Amino acid sequence: MFYRETGQFKTTYQADQAVFPIRQDRIGIAIILLLAFAGVPLLASEFAISSFFIPVLVFSLAAIGLNLLTGYTGLLSLGTGAFMGVGAYGGYKLATWFPDVNILIPILASGFVSAAVGVVFGLPSLRIKGFYLAVATLAAQFFLSWCFVRIPWLVNYNISGAIEVPTRTLFGIPITGPNATATTRYLVTLSIVVLMTWLASNLVRGRIGRTWMAVRDMDLAAELIGIRLYRTKLLSFAVSSYFCGVAGAMMVFLWFGSSEADTFSINQSFFILFMVIIGGLGSLVGSFFGAIFILGTPIVLRALPGLFGLSIPAATVEHLTFMVLGALIIFFLIVEPHGLARLWQIGKQKLRVWPFPY
Amino acid sequence: MRAPGGPEVAVGDVLLSVENVSLSFGGVKAVSDVSFDIRKGEIRAIIGPNGAGKTSMLNIINGFYQPQQGRIMFKGETRSKMRPHEAADGGIARTFQNVALFRGMTTLDNLMAGRTLKMKKNFFWQLLRYGPAMAEEVEHRHRVEQIIDFLKIQNIRRTPVAQLPYGLQKRLELGRALAMEPDLLLLDEPMAGMNLEEKEDMSRFVLDVNSHFGTTIALIEHDMGVVMDLSDRVVVLDHGIKIADGTPDEVKGNQAVIDAYLGVAH
Amino acid sequence: MDMLYKIFLDPFVQMASAPDLLVQTLWEGLVSGVLYALIALGFVLIFKASGVFNFAQGIMVVFAALTLVGLHAMLRDWGVSSGTAAAYLALALTVAVMFGLAFTIERLVLRPLVNQPDIILFMATFGMTYFLIGLGELVFGGEPKLMIADDLHLPRGAIDVKMLGGFVSFQKIDIAAAAIASIMVAGLALFFQKTRIGRALRAVADSHKAALSVGISLEQIWVVVWFAAGIVALVTGIMWGARSNVSFALEVIALKALPVLILGGLTSIPGAIVGGLIIGIGEKLGEFYWGPLIGSGIESWLAYVIALLFLLFRPQGLFGERIIERI
């Protein structure tokens, strides 16, 4: 009844191909953006912003990066954590080499460093496919993790072996370092994520997105149409790593304010892979769903015993969280292998014909 | 519709010729010393019993298989090796026996994918999308809609391909090949698995593609009725060897062809 | 020039000048290679028969070992006086637990996901891994445990052999591990090749639908094969736990099995062994002789780089089947 398309006629192909062709969707996205930019800073606590909203944004961007490579192009990657790390350390070096340049530039430029490294580790994709390519990304993951720990130059010879983020400002307000408030950091992160999501959306809806999906669905047929497989795959590695790199830089600069040895480990790679699987492979909005789900579930699980008046030791809750997460992954794969994004789509379909059943 | 580049080939001249081509897999000879040509504007059928090497022949023309011996002349250029995307660049399009559509995409996406070679706007315009990239997208959408009208598949534009019935998938695959505006269209058993009505529809489309767009067509087909009705000339393969070459009537009466199909030992 | 000397000449000079050390390093490599091979063996079993790449194999190793140790402690608490009796009773019970695990996995994970693409099943094993980590930590606690090597009567101590100007030390437990591994491998290879069930397993690996249509019960086959993999995991857990402690860190070591599988091919049992040995020895030699040049800890990635180089030249591994794409 509410979610109808009737009366909304498209008179140009451009209108037909818009991201949100249905007016209700456009209103919806406007509301979400309004809530994100104004509602959250005004209504949520600094703690909630710091421990939920900023992480969700950072991981969503990383999940989009992985989704471009694995969901859209079909190249399984287990090196997401390492590529995020390259962005983080790259951004840090850039920030210290050019201390007077606005900090946003190193953060956005760090992605290029990550993209270059991503292309190098994507070179094997010429001859290696599928699962075996994942092993190549594992090589990247372990090698780069080793580099992060063993090359003190990366952290400017800091004794603790970790990045310490300097205070940088934007329009006079500190946005990185110990003086930056959670709200400020959140707004900067949000802006970057919104911009980059828009760019990703443009890519996947156009020629490049189609070539990626063609390579994923049937690379022999893609070649037949004239798609150059190698170039397409390397481009996917480059763009995906760019996104992961910026996410990594944001993680260090705008979230933690520092880094640790195991921040960008193989576990991080798995973490983001789960987000992409549960959220939906090949769906940008799914990346957000996945991040919210994976980050939110432990929070909900930890709060549950208190709500029911039970008291369970924290360690036990952690173990239960692992179990529930693992079981949920299996559950999702059985019930809806295409993830939350598909459930969302089905929900919208049902809403379109509501109150009729079909 | 003509693909850009390459010397102009007049109707009736040889568009593609296969010269003494042989292909083996390990010890199995799929194609032995086969030569034939395809003239521009004609419909050429390649027929033969199962295992004759017909699909292998198409794969060679396409660039999927590299023959051990022999050469291929296409639009005046002779070469011994060709990669699939070079074939596509040169104006060769193809459909498969087992439908090779992109299952994760919709009908419209598949057709637009067929326009990839014609879309020139680079990465940075694609990032921005609004502006030149969008204009290009709309222009190609126009062309694709012409194909949609031609094939009468308007109502399945946004249907994910995996949900389409087999007959429509085959039709869509033809559409995607047409989207490439090819000079030479290779059809591998386009009527396979179809009932009478679907075959009649598909035959009509094949004839229309040939007459309206002037596309040269090479098709592999088992249904003799279709072959006789549609094709200008026929080449017959058996066990990798060419056993007949001529008009449908000439081939129909050829004893060697009859023997091959009836399975007479030779 | 100096760098070239350091990389291409010096390590070999070192090897030659202290041959007993070389043999020791080779032996260490062989031993860890055997253990990698055992983990890889579990992967190969499951992949050969169900087409699933079982990422959870590593955690199954840990889980099996933990169950054994935990049951042993429980039995002792309940008054079983003899350590040995408790050990072997616990062993039998653990075997039963692994069977139960195989059964449950078949029921809850494999059956609902039959005919789904491989990547979905692969991801499901990720889910299993996390579930088992949580369950293991919940039931047994997260701190490292000692393997009940003595009660199982596994050999202790070392044999020191004087050779090549020095001496080389062979731990008896390592020798036992190599021997047990060889027997298991031979047994499994024979099983696959010669028995009816083995043939059915290979049929299922090729195509689920085709196997079903000739009357092979997928469910039974899967339970059998996951149980077999569980047993392999148990043996691996015992052997590995006897050398170092039983802890969840083992699960990440299981990732090392991936380069082994690359080298040996995903479907070959002898390949798992050969691959394991190559990786194990290659890693140890690399770490010992080239490590000081580059920096320590190159063990963490050397295996993957070796596998990667291999993939570039021989994508199907040493023994794997050539993947031919049909058009």
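Observations on the structure shown:
Should a chain be cited, it is by its letter among A, B and C, assigned in written order, with residues numbered from 1 in that chain.
Here is the rule we go by: a contact is a pair of C-beta atoms (placed from the backbone, for glycine too) under 8 Å apart; a residue touches a chain by one contact, two chains touch by 3 or more.
In this text, all values refer to a predicted model and were calculated from it rather than measured experimentally.
Taking each chain's centre as the mean of its C-alpha atoms, the one that lies farthest from the centre of subunit B is C.
Of all chains shown, A has the CA centroid lying nearest to the centroid of every protein CA atom. Separating the centre of subunit A from that of subunit B, both taken as means of CA atoms, is a distance of 41 Å.
One simple way to say how far apart two chains are is to compare their mean CA positions; for subunit B and subunit C this gives 49 Å.
Between subunit A and subunit C the centroid-to-centroid distance comes to 33 Å (mean Cα coordinates, whole Å). Within subunit C, contacts with two or more other chains are made by residues 327.
Counting only residues that touch two or more partner chains, subunit A has 220.
Shared interface positions of subunit B, defined as residues touching 2 or more other chains, are 64, 96. Of all residues in subunit C, those touching subunit A in their complex are 53, 108-109, 112-113, 116, 118-120, 122-124, 126-135, 137-138, 142, 252, 255, 258-259, 262, 295, 297-298, 300-301, 304-305, 307-308, 311-312, 315, 325, 327.
Against subunit A, the residues of subunit B that register as touching in their complex are 62, 64, 83-85, 87-89, 93-94, 96, 100-105, 109, 112-114, 116-117, 119, 121, 123, 126-129, 133-134, 137-138, 141-142, 145, 176, 180. Residues of subunit A touching subunit C in their complex: 76, 124, 127-129, 131-132, 135-136, 138-139, 142-143, 145-146, 149-150, 220, 266, 270, 273-274, 277, 315-316, 318-330, 333-334, 337.
Those residues of subunit A that touch subunit B in the shared complex are 12-14, 17, 199, 202-203, 205-208, 210-211, 213-214, 216-218, 220-228, 235, 282.
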